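Presented sequentially are two complexes of chain A, the first with chain B as partner and the second with chain C.
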Partner chain A sequence: MDPILSVRNLQVTFSGLGNQSIATSDISFDVFPGEVLALVGESGSGKSVTALSLLSLLTRQAKATGTVRYRGQDLLSLSEKQLDAIRGKQISMIFQDIMNSLNPVLTIGKQLTEPMICHNGLSQAEARTRAVSLLEQTGIRDAQGIMKKYPHMLSGGMRQRVMIAMALSCDPELLIADEPTTALDVTIQLQIMQLLSSLQKARHMALLLITHDLGLVAENADRVLVLYAGQCVECGDVDTILTHPLHPYTRSLLRAVPGIHDARDQRLYNIPGTVPESYGAMTGCRFHDRCPYKAHCRDYEKNAGLLPVTDTHLTRCAYLLGGDCDA
Partner chain B sequence: MRKYILKKLLTTIPVLIGITVIDFLIMARAGSPIDMMTGPRMTEATKAALATRLGLDRPLWQQYLSWLWELLHGNLGYAYKSNQPVLDLILSHLGPTLLLMGLSLLMGLVIAVPLGVYSAVHRYEKRDYLLVAVSFITSSVPGFFLSMILIFLFTVTLGWLPSGGMVTAGIGGDLGDLVRHMIMPVTVLTLPIAASNMRYIRSSVLEILETDYLRTARAKGIGRRLVIWRHAMRNALVPIVTVIGMQIPGLVGGAVIVEKIFNWPGLGLLTMDAIMTRNYPLIMGVCLLSAVVVLLANLLTDILYALVDPTIRL
Partner chain C sequence: MPEPLLSVRHLTKTYPARRGQKLIAVNDVSFSIDRGEAFGLVGESGCGKSTIARLIMGLEKADSGEICLDGENLLSLRETQRRPHRPRYQMVFQDAASSLNPRRRVRDLIRDPMVEHHILSGDALNARVDALLSMVGLHPDMAQRYPHEFSGGQKQRLCIARALSLNPELLVLDEPVSALDVSIQAQILNLLRDLQKQLHLTYLFIGHGLGAVRYVCDRIAVMYMGRIMESGDSETLFSSPMHPYTLALADASPSADIRLRGRARIALRGEMEDVPQTGCPLYHRCPAAEEACQTRSTALEEIAPGHWTACRRARLLREETNA
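And now, the complex of A and B:
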């Protein structure tokens, strides 16, 4: 099966006054039709930057290089006008900061009908009818009433439902969800994730799920891509990554998840140190300083690239791949 | 909303009284009108009689209270010398000023809005820097200087435009004549309004362009025009409304210098003459009018806020 989105060597650079900093380097992945691909990593690993660069939504100071191939076109080389034909129609996006992601001075109805009127040429009335049914599909009861309201009158969960309805309004092939549940409380998180998952399955739509929540990954993802310091360090299908990870960072992430059966006096594992601040110029293994196998690993200065474990499983750690360890 | 407006209007009454008291005190400190009316051959007795006739011999608080009392009966008093009712004088000069200033503000905004938005959209590019530079230069040129240049160029040298007045005596009166009289004063007044508002609009739009909801709008692929004019502009209007609200009182105060240079028969000219001749009733009338306009403009600004931004409820 051919991928619908194919990202190769994506590098995003931010240039400020005189200095440049590299936010992501060498990120490559494919998204296949109808699958859920999770992009996992801690804060500062480059998840959101990657997501935003796919549709060229980063600020002007950012520059993305590499290729993002969608239906034979390289999205990074398209003009704004050409991109607008794809944004919201074939690839849509929902965002992390739901409190500020809807326009405060326009009604929900206005914002929701906009993409359908622009992309599908629907009339006002047709778009409204469809918008109401979309809102109902996202589990909003008083859909007619919501259409006339402004964003500040809605709760966070409601706003995210509106965002989802808006993103799905033109039946996209791919939905990019940038931490869709981070700003919500736990019970609403569950509802929103179930909603996203059921809509994704019903529409056979691909979902690129950006998250730091491994619980979400375990429940929803088909494949996982682990990011660390702007690089992809491991990728594979969800079962492999969660049960047989072959990169020390993935292993550490999994160890840091609190278990419900953990003893009460057990201290939660945490990865020592933080993500290095400027990792753009680093060569070799970027995780080495924090790595639990630091003492044994001798090849950390070599830039290994992604190494195949199996057909579908790749890792950047040559040491664990070599298998001369007891972990 | 209706309740808010009513409340706001009621609170303006004490504010207005306060303003008139202060105006009255300042005016009285500036000197007596009698000095401006007397000649060298006038006797002290005549002066005293004049003061008595005009009520200027009474204590200040009595003068103020009688002015207020007449005001409550709809009487703004009579101008000294000409004895015309102050209200009539103000009303006859209000029209030309509103025409001049209203047109200038409108033209200023018509120029400022597209240029400001254009500048913000092309931020930190050469054309943005150029527009900002032009705007700084334009707002730095003093109005009287520009007026002189224009008169020298278009009246003295080319002879295309009249140097002053509102209509040509004798033959004037039609629209074309009025327009020809207005070109220069309107230009002088429009340029600084356009220049400063352009920069307000630019910075306001710039701020909005960085917001999350604008990113959402871009992610929808609805095209740049809608993103800017529907999503960015409505939000950018909120701070701009404040600035315009502050510019409205200037409409009525008139541009004293420009009216003087172009001999425009407006309120600015009237105010200037009233102050120069210490024409008490006229000064008070004009002051009261500007106070009322300032307060109404503030109220209008509040109402516009609520219309533009649904999160503000009055």
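And now, the complex of A and C:
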């Protein structure tokens, strides 16, 4: 099967005040039709920058290099006008900041019909009928009533449902969801993730899920990319990554989350230190300073690329790949 | 039995709402915390857990009820009478960055409470600041720096050091790790656990991440719309919940354990809404609700030793699951 989106060597550099800082480097991945791919990482790992750069949504100070291949064209080389034809139509996006992602002075109906009128050439009336049906598909009971409301009249969960309806209005092939539930309470998060998952399956749409929550990854993703300090440190199918991770960062992260059924006397694993500040210029392993294998690893100054563990599992740690995995 | 260190009885706080109505933020809440115990309050945003913290600290005025520290009702004291008690209970807030004055050096920030309460002076004061910094895992040399020179996790360490400066008996921790990344969360949670043992502290730990609260606390109370729905031992509360809300909350918490993928989960319908304060506040969302839940009161009932639940169907549900 051919991927619908193919990202190669994506590097995003921010420049300003004479300085340049590299936010992400050497990010490569494919998204296949109908799959859920998760990008997981902590704040500053580059996951949102990666997501935003795919559709050239970053500020002007940012420069993305590499290729983002979609249907034979490189999205990074397209003009704004060409991108407009793709954004919201074939590839759409929902954001974390539900409070600011809807226009406060336009009714939900107006905002929801706009993409269908622009992209699909629907008439006002056709678009309205379809908008109501979309809202109903997202589990909103009083869809007609919601169409007349303004964003501030809706709760966070309702706004995210509206965002999802809007993102799906033109039947995209790929939906990019950037921390779609981070601003919501857990019971609402569950509702929204169940909704996203059922819509994704029913429409056979690919979903790129950006999250910091390994729990959401475990419950929703087919494959996962773990990002650390602007690099992908490990990727593979979700079962492998969460049960047999090979990169020390992935391993540490999994041991640092307290579960609600864990033994309470067992101490949480501390990842010492913090993410390096200016990691863009680092050549060797970016996790070395915090790595539990620090004392044993000799090759940390070498720039390890992603190395294959199996056909589908890649890791950036040459030390653990070389054996000694249970140390 | 010794007197609990903190005992909250029938605490109620309302705020004025639109059209002359009242918003009941905290509704007849009672709980007590023994000396040396870590007690958790969990719930979703708007459930009233942070309001309780603010009421205990005296940052808000309660409508009615009692907050007793070692048997003495703080709410009946005038501010001048309350002041000598203040060093005994201290608070750590969620947003560490905004709880540190950006224009003051760390040494001054940590010293202030001790100067204010005339605890130490001179060299002893500086030595105490150094000791507090080491206690929370920071280097004493950092005392000359300003808050912006610290990372998020380090800022929270500073807040903890400052809260400890007056040798408090009770620490009120309001979402102390919610703003932090996973790897930093674990550092702070471990620090809090260590400090509690080392200094025999009593904690009121407020949070929405069930795993984190459970990791630190011995007992947990689950709140919904200003009321305690269920409370019990943290070891068993989420593994054998009796209240449908606790069950839903535990089910909704994402788990990185791949074996739990696709598990049957209870999803609550709809969202938290203002409902008439008769009957169960969860009524319109609850999967187990029946007609009578809408009108009958739901007082906490001890369903097993130390395990309290406010669901009138809990006993029935339990019998059904056991059958």
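Note that in this section the second predicted complex is superposed on the first by the 318 of 327 C-alpha atoms of A that agree within 3 Å, B and C clash if a C-alpha of one lies under 4 Å from a C-alpha of the other, contacts with A are read in each partner's own complex, and residues count from 1 in each chain.
Quick note on the criterion: contacts are C-beta pairs under 8 Å (C-beta built on N, C-alpha and C of every residue); 3 or more make two chains touch, one makes a residue touch a chain.
Bear in mind the structure is a predicted one, so any value in this text is a computation, not a measurement.
Undergrad: Taking the superposition as given, does A:Pro180 touch the first partner, chain B, the second, chain C, both, or neither?
TA: After superposition on chain A, A:Pro180 lies in contact with neither partner.
Undergrad: Just checking: does A:Gly66 make contact with chain B only, chain C only, both, or neither of them? Give me first, second, both or neither.
TA: neither
Undergrad: With the two structures laid over each other on chain A, which partner does A:Gly109 touch: chain B (first), chain C (second), both, or neither?
TA: In the superposition, A:Gly109 touches no partner, neither chain B nor chain C.
Undergrad: Check whether chain B or chain C contacts more residues of chain A in the superposed model.
TA: Counted on chain A, the partner with more touching residues turns out to be C.
Undergrad: Once the shared chain is lined up, is A:Pro245 touching chain B (first), chain C (second), both, or neither of them?
TA: neither
Undergrad: According to the stated criteria, A:Gly236 is in contact with first (chain B), second (chain C), both, or neither; which is it?
TA: Neither partner.
Undergrad: Based on the superposed arrangement, let me know which partner A:Gln189 touches: chain B (first), chain C (second), both, or neither?
TA: In the superposed model, A:Gln189 contacts chain C only, not chain B.
Undergrad: Contacts for A:Gly46 in the overlay, against chain B (first) and chain C (second): which applies, first, second, both or neither?
TA: Neither partner.
Undergrad: If we count contacts the way the header does, which residues on chain C are in touch with chain A in the complex?
TA: 44-45, 151, 153, 181-187, 189-190, 208-212, 214-215, 234-235, 238-239, 248-258, 260-262, 265, 267-268, 271-272
Undergrad: Mind listing the chain B positions that touch chain A in their complex?
TA: Residues of chain B touching chain A: 123-124, 210-224, 226, 230-231, 234-235, 308-311.
Undergrad: Across the complex, what residues on chain A touch chain B?
TA: These residues of chain A touch chain B: 52, 55, 57, 59-60, 80-81, 83-89, 92-93, 95, 97, 100-106, 114-115, 118-119, 150, 152, 163, 166.
Undergrad: Under the touch definition given earlier, write down the residues of chain A that touch chain C in their complex.
TA: 42-43, 155, 157-158, 185-191, 194, 212-219, 238-239, 242-243, 252-254, 256-262, 264, 267-272, 274, 290
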